[in-house]
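You will see two complexes here that share chain A, one where it goes with chain B and one where it goes with chain C.
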Partner chain A sequence: MKKRRLSPDKLILSGKIRELDSLHKFVHKFGVKNTLDSKTLFDIELAADEAVTNIIRHGLKGKKGRITIEIAKNPGKYTVKVTDNAPHFDQSIPTHPNLSSDITERAVGGLGIYLIHQVMDSVSYSRSGDKNILVFEKKLK
Partner chain B sequence: MPACEITIEKIDFEEPVHIVRITGALDAYSFPDFEVKVRGIFDKNGRNIILDFGKLEYISSAGLGALMGFAKIARQNKGDLIILKPTPKIGSIIDVLGLSKFIKVFWDEKTALNLFVSKAG
Partner chain C sequence: MEFERKTESDVDVILLKGDMDSHTSPKARDFFAGILKEGKKKIVVDLDGVKYISSAGLATLIEVFQKMHRYGGSLKLCGMNETTKGIFEIAKLDSIFAIYETKDKAVAAFSS
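Up next, the complex of A and B:
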């Protein structure tokens, strides 16, 4: 029998940093519905938060926009798709913060993208028309 | 997840110790309040701070960046910044960024406070 693919859960934000609370609630609701273990839930929440925060701060830069977050449980993995209408912004390129340097020499920039790559199993980016599309996946345990 | 709430308790040792208790989530929306409150301690010459993460459920790079800034200030002021009781998930993120090399982590408040008693002695 062919498995039916469920449509993803979807949240639309307008690009305000205070909307992060809605994002946390949305991810938690998905976690409860799909009985995610707490570590997987934390990792998906962190990656989605970092991606959306970066879009608001560095993509939209305070302007109103449209950010769509979709989460789906697919065979063998969870998939998160973040689509936004900010200018070109590729978060699939890993950052390499210098983690061996002393705390007094550490720069804070780039930590968000670094964390996305640390907690997810794959990260990909594409540009379609005026939209950035970031997709990251977490394998089911 | 509850919104971020921050309370500060001052322990009057010879050199005062401030315990900052944080509940809920530290993200890009909530971290400015956390930053203002902790910087307020440094501004009043407080240099020994315990950040109680026992009821902190979530932290993002915004909160971790603030943490790095506080660790720098504490070191410049020859004080100490301690994290108390991080959950395993938050502990693992702190480890991923290599912050446990610079910030002491304790799982018991009494033991953390004893560090400051022994420093004063």
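Up next, the complex of A and C:
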């Protein structure tokens, strides 16, 4: 029998950093509904948070926008799709922050995209019209 | 994000409660800035009440560590759960920060 794809859970934000609270609740609700283990839930929450934070800070830069987060359980994986209307902003290119063992040399920021790539199994980006579309996936265990 | 501060012998113990993300980290930075102004040299940050930490939370703790290092202070962490600890490991911060299982062990480490 062919497996049926369910509609993704969806959250729409306007680009305010305080909306991260709504994002956390949204991901947790999805986690409870799909009985995610705590590690998978944390990884999806972290990747979604880092992506949305980057869009707000570096894409929209304080301006009002529209960020849509969709999470779905698909055969063999969880898929998170983040769509926004900020200028071109590709988060699928892995960053290589200075992870020097000398903490005095460490930059305070710059870990966000690195963490997305570390906790997700795949990350892809596309630009469609005036929208950035970031998709990341986590394999089901 | 909530903060609870107490002193055990000459060690300042800070208990953090809540998520550490881009929304809450500015509040945490302000809180720590007040303590660092006092020139405190021995600080334990208890993360037992932190169930979630993002890169913004890590950045806050790195900043506190670096500022204390500059004036000869020392920061120790404790109370992490497995997922939080995992993020420290991915960011290769587990070998940099002095991390202890419990608050008592972290406080005791200052006198050993």
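To be clear about the criterion, the second predicted complex is superposed on the first by the 139 of 141 C-alpha atoms of A that agree within 3 Å, B and C clash if a C-alpha of one lies under 4 Å from a C-alpha of the other, contacts with A are read in each partner's own complex, and residues count from 1 in each chain.
FYI, a contact is a pair of C-beta atoms (placed from the backbone, for glycine too) under 8 Å apart; a residue touches a chain by one contact, two chains touch by 3 or more.
Since the model is a prediction, treat every value here as computed from it, not as a measurement.
Participant: Given the superposition on chain A, are chain B and chain C in a clash or a fit?
Facilitator: clash
Participant: A:Ser38 in the overlay: touching chain B, chain C, both, or neither? Say first, second, both or neither.
Facilitator: Once the two structures are laid over each other on A, A:Ser38 reaches both partners.
Participant: Scan A:Val108 for contacts with chain B and chain C and give back first, second, both or neither.
Facilitator: Both partners, chain B and chain C.
Participant: Examine A:Leu99 and indicate which partner it touches, taking first as chain B and second as chain C; both and neither are also allowed.
Facilitator: So A:Leu99 meets both chain B and chain C here.
Participant: Counting only touches as set out at the top, which of chain B and chain C does A:Lys25 meet: first, second, both, neither?
Facilitator: first
Participant: Check chain A for residues that touch chain B in one structure and chain C in the other, and list them.
Facilitator: In chain A, positions 17-18, 20-21, 24, 38-39, 42, 45-46, 49-50, 53, 56-57, 99, 103-104, 106, 108, 111-112, 114-115, 118 sit in both the chain B and chain C interfaces.
Participant: For chain B, which residues are in contact with chain A within the complex?
Facilitator: It comes out as residues 1, 3, 25, 27-29, 58, 60-62, 64-65, 68-69, 71-72, 75-76, 89, 93, 96-99, 101-102.
Participant: What residues on chain C touch chain A, complex-wise?
Facilitator: These residues of chain C touch chain A: 19, 21-23, 52, 54-56, 58-59, 62-63, 65-66, 69, 82-83, 86-87, 90-93, 95-97.
Participant: Within the complex, which stretch of chain A touches chain B?
Facilitator: 17-18, 20-21, 24-25, 28, 38-39, 42, 45-46, 49-50, 53, 56-57, 97, 99-100, 102-104, 106, 108, 111-112, 114-115, 118
Participant: Can you list the residues on chain A that touch chain C in the complex?
Facilitator: 17-18, 20-21, 24, 38-39, 42, 45-46, 49-50, 53, 56-57, 99, 101, 103-104, 106, 108-109, 111-112, 114-115, 118-119
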